[in-house]
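You will see subunit A twice below: alongside subunit B first, and alongside subunit C after that.
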Partner chain A sequence: MSNLQKSAWFNLVGVTVLGMIGAAAILFMARMNTKGVEYVLICIFVPVLASPGLYIYCRKKSIESRFDERERVIHSRSLMVAAFGLTIFLACVCMLPFFVLGGQNVIKVYYLPLIFFSALFIAQFVHSAAILVMCALEDDDG
Partner chain B sequence: MGSDRLSNKVRRLRFDNGELTQQQLADKVGVTRQTIIAIESGRYSPSLPLAFKLARAFGVSIEDVFKFENEHYGTK
Partner chain C sequence: MTKLQKIALLNLILAGICLVLQLICFVAGVSLISLFASIVILVLGCIMLVSYFRRKRLVKRGSGEYDERDKSIHTTAALYGLMTAFMVYFLTTFLAFLIVGPGGELKIGYVLGMFLLGANSFFFTESAVVLFKYGWRSTDNE
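Our next item is the complex of A and B:
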(Lines of atoms letter the chains of each structure in order from A and count residues from 1; the text may use other names and numbers.)
(Lines give C-alpha, C1' and ligand atoms only; values in the text may rest on other atoms or scores of the structure.)
Protein backbone atom coordinates (compact mmCIF):
# COMPACT_ATOMS: atom_id res chain seq x y z
CA MET A 1 0.00 0.00 0.00
CA SER A 2 1.43 3.39 -1.04
CA ASN A 3 1.73 6.47 1.20
CA LEU A 4 -1.21 7.99 -0.68
CA GLN A 5 -3.49 5.05 0.11
CA LYS A 6 -2.31 4.95 3.73
CA SER A 7 -3.06 8.67 4.05
CA ALA A 8 -6.50 8.21 2.46
CA TRP A 9 -7.45 5.35 4.82
CA PHE A 10 -6.10 7.30 7.78
CA ASN A 11 -8.15 10.31 6.73
CA LEU A 12 -11.29 8.29 6.06
CA VAL A 13 -11.28 6.61 9.48
CA GLY A 14 -10.15 9.75 11.34
CA VAL A 15 -12.70 11.99 9.68
CA THR A 16 -15.52 9.51 10.25
CA VAL A 17 -14.75 9.17 13.96
CA LEU A 18 -14.22 12.92 14.49
CA GLY A 19 -17.32 13.72 12.42
CA MET A 20 -19.46 11.50 14.64
CA ILE A 21 -17.99 13.06 17.81
CA GLY A 22 -18.56 16.57 16.40
CA ALA A 23 -22.16 15.84 15.37
CA ALA A 24 -22.89 14.31 18.80
CA ALA A 25 -21.37 17.38 20.52
CA ILE A 26 -23.48 19.80 18.48
CA LEU A 27 -26.68 17.82 19.07
CA PHE A 28 -25.86 17.73 22.80
CA MET A 29 -25.29 21.50 22.89
CA ALA A 30 -28.49 22.07 20.91
CA ARG A 31 -30.45 20.06 23.51
CA MET A 32 -28.99 22.16 26.33
CA ASN A 33 -29.92 25.31 24.40
CA THR A 34 -26.50 26.79 25.22
CA LYS A 35 -25.96 30.37 24.09
CA GLY A 36 -23.73 33.44 24.53
CA VAL A 37 -21.28 33.32 27.47
CA GLU A 38 -22.08 29.68 28.24
CA TYR A 39 -19.97 28.80 25.21
CA VAL A 40 -16.85 29.90 27.16
CA LEU A 41 -17.06 26.64 29.10
CA ILE A 42 -17.46 24.69 25.89
CA CYS A 43 -14.48 26.55 24.39
CA ILE A 44 -12.32 25.18 27.21
CA PHE A 45 -13.16 21.65 26.11
CA VAL A 46 -12.78 22.33 22.39
CA PRO A 47 -8.93 22.00 22.40
CA VAL A 48 -9.33 18.67 24.19
CA LEU A 49 -11.83 17.53 21.55
CA ALA A 50 -9.69 18.96 18.74
CA SER A 51 -6.39 17.38 19.85
CA PRO A 52 -6.97 14.04 18.06
CA GLY A 53 -7.96 16.06 14.97
CA LEU A 54 -4.77 18.12 15.14
CA TYR A 55 -2.72 14.96 15.58
CA ILE A 56 -4.39 13.39 12.52
CA TYR A 57 -3.84 16.60 10.51
CA CYS A 58 -0.12 16.81 11.41
CA ARG A 59 0.42 13.11 10.78
CA LYS A 60 -1.35 13.36 7.41
CA LYS A 61 0.79 16.35 6.39
CA SER A 62 4.00 14.48 7.22
CA ILE A 63 2.80 11.51 5.12
CA GLU A 64 1.77 13.84 2.26
CA SER A 65 5.28 15.34 2.12
CA ARG A 66 6.53 11.91 1.06
CA PHE A 67 4.18 11.69 -1.97
CA ASP A 68 5.88 11.30 -5.32
CA GLU A 69 4.75 13.20 -8.43
CA ARG A 70 2.15 10.65 -9.64
CA GLU A 71 0.61 10.54 -6.16
CA ARG A 72 0.45 14.35 -6.15
CA VAL A 73 -1.45 14.22 -9.46
CA ILE A 74 -3.96 11.75 -8.01
CA HIS A 75 -4.16 13.89 -4.87
CA SER A 76 -4.99 17.06 -6.81
CA ARG A 77 -7.52 15.25 -9.02
CA SER A 78 -9.25 13.90 -5.93
CA LEU A 79 -9.34 17.46 -4.50
CA MET A 80 -11.30 18.52 -7.58
CA VAL A 81 -13.70 15.61 -7.06
CA ALA A 82 -14.07 16.66 -3.40
CA ALA A 83 -14.82 20.26 -4.42
CA PHE A 84 -17.47 18.98 -6.83
CA GLY A 85 -18.96 16.73 -4.13
CA LEU A 86 -18.99 19.62 -1.67
CA THR A 87 -20.78 21.87 -4.17
CA ILE A 88 -23.43 19.22 -4.82
CA PHE A 89 -23.86 18.66 -1.06
CA LEU A 90 -24.24 22.38 -0.30
CA ALA A 91 -26.63 22.83 -3.22
CA CYS A 92 -28.81 19.96 -1.96
CA VAL A 93 -28.68 20.99 1.73
CA CYS A 94 -29.41 24.67 1.07
CA MET A 95 -31.79 24.48 -1.86
CA LEU A 96 -33.89 21.38 -1.13
CA PRO A 97 -35.49 22.75 2.10
CA PHE A 98 -36.22 25.97 0.22
CA PHE A 99 -38.10 24.15 -2.51
CA VAL A 100 -39.73 21.54 -0.26
CA LEU A 101 -40.71 23.73 2.73
CA GLY A 102 -41.16 27.04 0.95
CA GLY A 103 -39.54 30.44 1.48
CA GLN A 104 -41.62 31.49 4.51
CA ASN A 105 -40.63 28.60 6.80
CA VAL A 106 -37.98 28.67 9.57
CA ILE A 107 -35.24 26.20 10.45
CA LYS A 108 -33.62 25.55 13.84
CA VAL A 109 -30.28 27.36 14.38
CA TYR A 110 -28.39 24.19 15.31
CA TYR A 111 -28.72 23.05 11.71
CA LEU A 112 -26.16 25.72 10.73
CA PRO A 113 -23.11 24.27 12.58
CA LEU A 114 -24.34 20.80 11.60
CA ILE A 115 -24.33 21.85 7.94
CA PHE A 116 -20.86 23.39 8.38
CA PHE A 117 -19.35 20.26 9.95
CA SER A 118 -21.21 18.00 7.54
CA ALA A 119 -19.71 19.97 4.64
CA LEU A 120 -16.19 19.49 6.08
CA PHE A 121 -16.93 15.81 6.63
CA ILE A 122 -18.30 15.32 3.08
CA ALA A 123 -15.32 17.10 1.49
CA GLN A 124 -12.79 14.98 3.41
CA PHE A 125 -14.76 11.78 2.88
CA VAL A 126 -15.14 12.29 -0.89
CA HIS A 127 -11.46 13.30 -1.13
CA SER A 128 -10.27 10.10 0.58
CA ALA A 129 -12.76 7.88 -1.26
CA ALA A 130 -11.72 9.39 -4.61
CA ILE A 131 -8.04 8.67 -3.86
CA LEU A 132 -8.82 5.05 -2.96
CA VAL A 133 -11.00 4.57 -6.07
CA MET A 134 -8.37 6.11 -8.39
CA CYS A 135 -5.62 3.94 -6.87
CA ALA A 136 -7.83 0.83 -7.14
CA LEU A 137 -8.60 1.61 -10.80
CA GLU A 138 -4.88 1.97 -11.55
CA ASP A 139 -4.16 -1.33 -9.80
CA ASP A 140 -6.90 -3.02 -11.85
CA ASP A 141 -5.39 -1.68 -15.08
CA GLY A 142 -1.96 -3.00 -14.10
CA MET B 1 -2.64 18.93 -33.96
CA GLY B 2 -3.07 15.11 -33.71
CA SER B 3 -3.03 12.99 -30.59
CA ASP B 4 0.11 12.75 -28.44
CA ARG B 5 1.50 9.41 -27.41
CA LEU B 6 4.52 8.80 -25.23
CA SER B 7 5.95 5.31 -25.36
CA ASN B 8 8.97 4.16 -23.38
CA LYS B 9 11.58 1.43 -23.06
CA VAL B 10 11.84 1.45 -19.27
CA ARG B 11 11.05 -2.25 -18.92
CA ARG B 12 13.58 -3.19 -21.63
CA LEU B 13 16.27 -0.95 -20.08
CA ARG B 14 15.64 -2.41 -16.63
CA PHE B 15 16.44 -5.87 -17.89
CA ASP B 16 19.42 -4.61 -19.88
CA ASN B 17 20.81 -3.01 -16.69
CA GLY B 18 21.36 -6.13 -14.64
CA GLU B 19 17.68 -7.05 -14.35
CA LEU B 20 16.92 -4.12 -12.12
CA THR B 21 13.66 -4.61 -10.22
CA GLN B 22 10.90 -2.00 -10.31
CA GLN B 23 11.54 -1.28 -6.61
CA GLN B 24 15.29 -0.80 -7.16
CA LEU B 25 14.64 1.60 -10.02
CA ALA B 26 12.00 3.42 -7.96
CA ASP B 27 14.47 3.86 -5.09
CA LYS B 28 17.14 5.10 -7.52
CA VAL B 29 14.94 7.87 -8.94
CA GLY B 30 12.98 8.62 -5.74
CA VAL B 31 9.44 7.53 -6.61
CA THR B 32 7.17 4.66 -5.61
CA ARG B 33 7.07 1.27 -7.33
CA GLN B 34 3.48 2.03 -8.40
CA THR B 35 4.76 5.05 -10.34
CA ILE B 36 7.31 2.90 -12.20
CA ILE B 37 4.52 0.39 -12.99
CA ALA B 38 2.30 3.23 -14.27
CA ILE B 39 5.13 4.65 -16.44
CA GLU B 40 6.03 1.26 -17.89
CA SER B 41 2.44 0.53 -18.83
CA GLY B 42 2.04 3.99 -20.38
CA ARG B 43 -0.68 5.06 -17.95
CA TYR B 44 1.39 7.93 -16.56
CA SER B 45 3.66 10.36 -18.38
CA PRO B 46 6.44 11.45 -16.04
CA SER B 47 7.53 15.05 -15.54
CA LEU B 48 10.67 16.23 -17.33
CA PRO B 49 12.86 16.03 -14.18
CA LEU B 50 11.72 12.45 -13.54
CA ALA B 51 12.27 11.53 -17.20
CA PHE B 52 15.85 12.86 -16.91
CA LYS B 53 16.38 10.95 -13.66
CA LEU B 54 15.22 7.73 -15.33
CA ALA B 55 17.50 8.29 -18.31
CA ARG B 56 20.48 8.99 -16.02
CA ALA B 57 19.71 5.93 -13.92
CA PHE B 58 20.18 3.86 -17.10
CA GLY B 59 23.11 5.98 -18.32
CA VAL B 60 21.41 6.87 -21.61
CA SER B 61 19.85 9.97 -23.14
CA ILE B 62 16.21 10.85 -22.53
CA GLU B 63 15.30 9.99 -26.14
CA ASP B 64 16.67 6.49 -25.69
CA VAL B 65 14.08 5.97 -22.96
CA PHE B 66 11.04 7.86 -24.26
CA LYS B 67 9.56 8.13 -27.73
CA PHE B 68 7.13 10.91 -28.56
CA GLU B 69 4.58 10.11 -31.27
CA ASN B 70 2.24 12.64 -32.83
CA GLU B 71 0.45 12.54 -36.21
CA HIS B 72 1.26 16.19 -36.84
CA TYR B 73 4.88 16.28 -35.65
CA GLY B 74 5.75 12.69 -36.54
CA THR B 75 7.76 10.30 -34.37
CA LYS B 76 10.93 11.31 -32.56
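Our next item is the complex of A and C:
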Protein backbone atom coordinates (compact mmCIF):
# COMPACT_ATOMS: atom_id res chain seq x y z
CA MET A 1 0.00 0.00 0.00
CA SER A 2 1.46 3.37 -1.04
CA ASN A 3 1.73 6.48 1.19
CA LEU A 4 -1.18 8.06 -0.68
CA GLN A 5 -3.46 5.10 -0.06
CA LYS A 6 -2.46 4.98 3.62
CA SER A 7 -3.20 8.70 3.86
CA ALA A 8 -6.61 8.19 2.18
CA TRP A 9 -7.59 5.41 4.59
CA PHE A 10 -6.37 7.48 7.56
CA ASN A 11 -8.42 10.51 6.44
CA LEU A 12 -11.48 8.39 5.76
CA VAL A 13 -11.45 6.84 9.23
CA GLY A 14 -10.45 10.11 10.98
CA VAL A 15 -13.16 12.19 9.37
CA THR A 16 -15.81 9.52 9.96
CA VAL A 17 -14.99 9.45 13.69
CA LEU A 18 -14.83 13.27 13.91
CA GLY A 19 -18.08 13.62 11.99
CA MET A 20 -19.83 11.26 14.39
CA ILE A 21 -18.45 13.14 17.43
CA GLY A 22 -19.46 16.50 15.91
CA ALA A 23 -22.97 15.32 15.06
CA ALA A 24 -23.41 13.88 18.55
CA ALA A 25 -22.21 17.16 20.12
CA ILE A 26 -24.60 19.26 18.03
CA LEU A 27 -27.56 16.99 18.74
CA PHE A 28 -26.69 17.10 22.46
CA MET A 29 -26.57 20.92 22.43
CA ALA A 30 -29.81 21.06 20.45
CA ARG A 31 -31.48 18.75 22.96
CA MET A 32 -30.23 20.90 25.87
CA ASN A 33 -31.19 24.09 23.89
CA THR A 34 -27.93 25.77 24.98
CA LYS A 35 -28.18 29.53 25.39
CA GLY A 36 -26.40 32.42 27.15
CA VAL A 37 -23.80 31.10 29.62
CA GLU A 38 -24.04 27.72 27.96
CA TYR A 39 -22.20 29.20 24.97
CA VAL A 40 -19.16 28.31 27.08
CA LEU A 41 -20.08 24.73 26.36
CA ILE A 42 -19.91 25.49 22.64
CA CYS A 43 -16.55 27.21 23.13
CA ILE A 44 -15.26 24.06 24.80
CA PHE A 45 -16.63 21.83 22.06
CA VAL A 46 -15.03 23.81 19.23
CA PRO A 47 -11.38 23.31 20.34
CA VAL A 48 -12.18 19.73 21.28
CA LEU A 49 -13.39 19.17 17.73
CA ALA A 50 -10.66 21.27 16.15
CA SER A 51 -7.66 19.69 17.88
CA PRO A 52 -7.98 16.24 16.24
CA GLY A 53 -8.55 18.08 12.94
CA LEU A 54 -5.30 19.97 13.41
CA TYR A 55 -3.55 16.73 14.32
CA ILE A 56 -4.85 15.14 11.11
CA TYR A 57 -3.75 18.19 9.09
CA CYS A 58 -0.21 18.13 10.54
CA ARG A 59 0.08 14.40 10.10
CA LYS A 60 -1.26 14.64 6.55
CA LYS A 61 1.36 17.25 5.69
CA SER A 62 4.16 15.00 6.89
CA ILE A 63 2.75 12.12 4.82
CA GLU A 64 2.24 14.28 1.73
CA SER A 65 5.89 15.34 1.73
CA ARG A 66 6.79 11.74 0.91
CA PHE A 67 4.50 11.51 -2.17
CA ASP A 68 6.13 10.86 -5.53
CA GLU A 69 5.14 12.65 -8.77
CA ARG A 70 2.41 10.15 -9.74
CA GLU A 71 0.87 10.31 -6.26
CA ARG A 72 0.90 14.11 -6.34
CA VAL A 73 -1.03 14.12 -9.64
CA ILE A 74 -3.61 11.66 -8.27
CA HIS A 75 -3.87 13.73 -5.09
CA SER A 76 -4.54 17.01 -6.92
CA ARG A 77 -7.04 15.35 -9.29
CA SER A 78 -8.93 13.79 -6.39
CA LEU A 79 -8.93 17.18 -4.63
CA MET A 80 -10.75 18.65 -7.63
CA VAL A 81 -13.23 15.75 -7.62
CA ALA A 82 -13.83 16.34 -3.89
CA ALA A 83 -14.36 20.07 -4.46
CA PHE A 84 -16.88 19.28 -7.19
CA GLY A 85 -18.68 16.79 -4.93
CA LEU A 86 -18.76 19.30 -2.08
CA THR A 87 -20.21 22.02 -4.30
CA ILE A 88 -22.90 19.73 -5.71
CA PHE A 89 -23.81 18.49 -2.22
CA LEU A 90 -24.08 22.00 -0.75
CA ALA A 91 -26.03 23.26 -3.77
CA CYS A 92 -28.53 20.40 -3.48
CA VAL A 93 -28.91 20.72 0.30
CA CYS A 94 -29.42 24.50 0.14
CA MET A 95 -31.56 24.70 -2.99
CA LEU A 96 -33.87 21.69 -2.71
CA PRO A 97 -35.62 22.81 0.53
CA PHE A 98 -35.99 26.29 -0.98
CA PHE A 99 -37.79 24.98 -4.04
CA VAL A 100 -39.71 22.20 -2.27
CA LEU A 101 -40.78 23.96 0.96
CA GLY A 102 -40.49 27.63 -0.07
CA GLY A 103 -38.23 30.40 1.21
CA GLN A 104 -40.61 31.55 3.95
CA ASN A 105 -40.74 28.19 5.72
CA VAL A 106 -38.37 27.68 8.64
CA ILE A 107 -35.85 25.04 9.66
CA LYS A 108 -34.21 24.41 13.03
CA VAL A 109 -30.85 26.15 13.30
CA TYR A 110 -29.04 23.03 14.47
CA TYR A 111 -29.49 21.64 10.96
CA LEU A 112 -26.95 24.21 9.69
CA PRO A 113 -23.90 22.80 11.50
CA LEU A 114 -25.18 19.32 10.67
CA ILE A 115 -25.18 20.31 6.98
CA PHE A 116 -21.69 21.76 7.42
CA PHE A 117 -20.31 18.61 9.04
CA SER A 118 -22.05 16.45 6.44
CA ALA A 119 -20.42 18.55 3.71
CA LEU A 120 -17.01 18.07 5.36
CA PHE A 121 -17.62 14.36 5.60
CA ILE A 122 -18.81 14.10 1.98
CA ALA A 123 -15.79 16.07 0.74
CA GLN A 124 -13.31 13.90 2.63
CA PHE A 125 -15.15 10.73 1.69
CA VAL A 126 -15.15 11.62 -2.01
CA HIS A 127 -11.49 12.69 -1.80
CA SER A 128 -10.38 9.45 -0.17
CA ALA A 129 -12.60 7.30 -2.40
CA ALA A 130 -11.32 9.08 -5.53
CA ILE A 131 -7.70 8.48 -4.43
CA LEU A 132 -8.34 4.80 -3.78
CA VAL A 133 -10.22 4.33 -7.08
CA MET A 134 -7.56 6.19 -9.12
CA CYS A 135 -4.76 4.20 -7.45
CA ALA A 136 -6.63 0.94 -8.16
CA LEU A 137 -7.16 1.94 -11.80
CA GLU A 138 -3.49 2.88 -12.22
CA ASP A 139 -2.42 -0.40 -10.62
CA ASP A 140 -4.66 -2.31 -13.04
CA ASP A 141 -3.10 -0.48 -15.98
CA GLY A 142 0.32 -1.44 -14.63
CA MET B 1 -4.10 42.88 -20.31
CA THR B 2 -4.91 39.44 -21.78
CA LYS B 3 -8.39 38.03 -22.34
CA LEU B 4 -8.10 35.84 -19.25
CA GLN B 5 -7.23 38.86 -17.12
CA LYS B 6 -10.13 40.83 -18.58
CA ILE B 7 -12.52 37.99 -17.75
CA ALA B 8 -11.11 37.81 -14.21
CA LEU B 9 -11.49 41.57 -13.79
CA LEU B 10 -15.10 41.44 -15.03
CA ASN B 11 -15.85 38.57 -12.62
CA LEU B 12 -14.20 40.45 -9.75
CA ILE B 13 -16.37 43.53 -10.32
CA LEU B 14 -19.58 41.53 -10.80
CA ALA B 15 -18.92 39.33 -7.76
CA GLY B 16 -18.15 42.44 -5.69
CA ILE B 17 -21.46 44.03 -6.70
CA CYS B 18 -23.27 40.73 -5.95
CA LEU B 19 -21.69 40.57 -2.48
CA VAL B 20 -22.83 44.11 -1.67
CA LEU B 21 -26.35 43.37 -2.97
CA GLN B 22 -26.51 40.19 -0.91
CA LEU B 23 -25.59 42.10 2.22
CA ILE B 24 -28.41 44.54 1.40
CA CYS B 25 -30.78 41.57 0.98
CA PHE B 26 -29.75 40.17 4.39
CA VAL B 27 -30.32 43.56 6.04
CA ALA B 28 -33.54 44.46 4.20
CA GLY B 29 -35.28 41.12 4.78
CA VAL B 30 -38.40 40.45 2.69
CA SER B 31 -39.10 43.69 0.83
CA LEU B 32 -39.20 45.23 -2.63
CA ILE B 33 -35.55 46.29 -2.26
CA SER B 34 -34.41 42.72 -1.67
CA LEU B 35 -36.58 41.49 -4.55
CA PHE B 36 -34.95 44.02 -6.89
CA ALA B 37 -31.50 43.13 -5.51
CA SER B 38 -32.21 39.41 -6.05
CA ILE B 39 -33.15 40.04 -9.70
CA VAL B 40 -29.94 42.03 -10.23
CA ILE B 41 -27.92 39.23 -8.56
CA LEU B 42 -29.56 36.69 -10.90
CA VAL B 43 -28.69 38.75 -13.98
CA LEU B 44 -25.10 39.33 -12.81
CA GLY B 45 -24.81 35.63 -11.98
CA CYS B 46 -25.83 34.78 -15.57
CA ILE B 47 -23.15 37.15 -16.90
CA MET B 48 -20.54 35.48 -14.67
CA LEU B 49 -21.67 32.08 -15.96
CA VAL B 50 -21.31 33.27 -19.56
CA SER B 51 -17.80 34.59 -18.83
CA TYR B 52 -16.93 31.23 -17.24
CA PHE B 53 -17.96 29.41 -20.44
CA ARG B 54 -16.03 31.96 -22.48
CA ARG B 55 -12.92 31.08 -20.48
CA LYS B 56 -13.63 27.39 -21.07
CA ARG B 57 -13.71 28.10 -24.81
CA LEU B 58 -10.35 29.83 -24.55
CA VAL B 59 -8.98 26.80 -22.71
CA LYS B 60 -10.27 24.46 -25.42
CA ARG B 61 -8.70 26.60 -28.13
CA GLY B 62 -5.32 25.66 -26.62
CA SER B 63 -1.72 26.67 -26.76
CA GLY B 64 -1.74 30.33 -27.84
CA GLU B 65 -3.93 31.77 -25.15
CA TYR B 66 -3.85 29.15 -22.40
CA ASP B 67 -0.61 27.38 -21.51
CA GLU B 68 0.67 25.39 -18.52
CA ARG B 69 1.33 28.55 -16.51
CA ASP B 70 -2.24 29.77 -17.00
CA LYS B 71 -3.53 26.34 -15.99
CA SER B 72 -1.45 26.39 -12.81
CA ILE B 73 -2.62 29.92 -11.94
CA HIS B 74 -6.28 29.03 -12.46
CA THR B 75 -6.02 25.81 -10.46
CA THR B 76 -4.42 27.67 -7.54
CA ALA B 77 -7.01 30.43 -7.78
CA ALA B 78 -9.85 27.89 -7.82
CA LEU B 79 -8.45 26.26 -4.67
CA TYR B 80 -8.17 29.63 -2.91
CA GLY B 81 -11.72 30.43 -4.00
CA LEU B 82 -13.05 27.14 -2.68
CA MET B 83 -11.29 27.64 0.65
CA THR B 84 -12.78 31.12 0.99
CA ALA B 85 -16.26 29.93 0.03
CA PHE B 86 -16.09 27.14 2.56
CA MET B 87 -14.82 29.50 5.28
CA VAL B 88 -17.62 31.98 4.53
CA TYR B 89 -20.19 29.20 4.69
CA PHE B 90 -18.70 27.97 7.97
CA LEU B 91 -18.70 31.48 9.48
CA THR B 92 -22.31 32.23 8.49
CA THR B 93 -23.43 28.85 9.80
CA PHE B 94 -21.54 29.30 13.05
CA LEU B 95 -22.81 32.87 13.52
CA ALA B 96 -26.42 31.81 12.91
CA PHE B 97 -25.95 28.98 15.40
CA LEU B 98 -24.51 31.32 18.03
CA ILE B 99 -26.95 34.21 17.52
CA VAL B 100 -30.21 32.29 17.21
CA GLY B 101 -29.27 29.34 19.43
CA PRO B 102 -29.64 25.66 18.54
CA GLY B 103 -33.32 25.58 19.48
CA GLY B 104 -34.16 28.54 17.24
CA GLU B 105 -35.48 28.55 13.71
CA LEU B 106 -34.26 30.15 10.50
CA LYS B 107 -36.04 30.91 7.23
CA ILE B 108 -35.06 28.58 4.39
CA GLY B 109 -34.42 31.63 2.22
CA TYR B 110 -31.47 32.51 4.44
CA VAL B 111 -29.95 29.04 3.93
CA LEU B 112 -30.00 29.61 0.18
CA GLY B 113 -28.59 33.10 0.83
CA MET B 114 -25.69 31.56 2.75
CA PHE B 115 -24.92 29.25 -0.16
CA LEU B 116 -25.07 32.11 -2.66
CA LEU B 117 -22.82 34.20 -0.39
CA GLY B 118 -20.29 31.36 -0.44
CA ALA B 119 -20.59 31.05 -4.24
CA ASN B 120 -20.03 34.78 -4.72
CA SER B 121 -17.05 34.68 -2.35
CA PHE B 122 -15.64 31.91 -4.54
CA PHE B 123 -15.90 34.01 -7.71
CA PHE B 124 -14.58 37.10 -5.95
CA THR B 125 -11.52 35.38 -4.43
CA GLU B 126 -10.79 33.33 -7.55
CA SER B 127 -10.80 36.44 -9.77
CA ALA B 128 -8.73 38.41 -7.25
CA VAL B 129 -6.12 35.63 -7.01
CA VAL B 130 -5.97 35.28 -10.83
CA LEU B 131 -5.35 39.02 -11.20
CA PHE B 132 -2.83 39.00 -8.35
CA LYS B 133 -0.92 36.05 -9.81
CA TYR B 134 -0.73 37.57 -13.29
CA GLY B 135 0.33 40.85 -11.82
CA TRP B 136 -1.95 43.85 -11.77
CA ARG B 137 -1.78 45.93 -14.99
CA SER B 138 0.91 43.69 -16.54
CA THR B 139 0.84 43.72 -20.33
CA ASP B 140 2.87 40.60 -21.05
CA ASN B 141 2.65 37.20 -19.37
CA GLU B 142 6.26 36.20 -19.65
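In this text, the second predicted complex is superposed on the first by the 132 of 142 C-alpha atoms of A that agree within 3 Å, B and C clash if a C-alpha of one lies under 4 Å from a C-alpha of the other, contacts with A are read in each partner's own complex, and residues count from 1 in each chain.
By definition in this document, contacts are C-beta pairs under 8 Å (C-beta built on N, C-alpha and C of every residue); 3 or more make two chains touch, one makes a residue touch a chain.
Values in this document were obtained by computation on a predicted structure and should not be read as measured data.
After superposition onto subunit A, the modelled positions of subunit B and subunit C are compatible, with room for both. When both complexes are overlaid on chain A, the residue A:Glu138 reaches subunit B alone and has no touch with subunit C.
Of the two partner chains placed by the overlay, neither subunit B nor subunit C lies in contact with A:Trp9. Of the two partner chains placed around the shared chain by superposition, subunit B is the only one that A:Glu71 touches, whereas subunit C remains out of contact. The partner of subunit A that touches more of its residues, comparing subunit B with subunit C, is C.
For the overlaid pair of complexes, the smallest distance between C-alpha atoms of subunit B and those of subunit C rounds to 10 Å.
Shared contact residues on subunit A (touching subunit B in one structure, subunit C in the other): none found. The residues of subunit A lying in touch with subunit B in their complex are 2-3, 68-71, 73, 135, 138-139, 141-142. The touching residues of subunit C, when paired with subunit A in their complex, are 30, 75, 78-79, 82, 86, 89-90, 93-94, 96-98, 100-109, 111-112, 114-115, 118.
On subunit B, the positions that touch subunit A within their shared complex are 30-32, 34-35, 37-38, 41, 43-44, 46-47, 50. On the side of subunit A, the complex with subunit C involves touching residues 26, 29-30, 33-35, 39, 42, 76, 79-80, 83, 86-87, 90-91, 94-95, 97-98, 101-110, 112-113, 115-116, 119.
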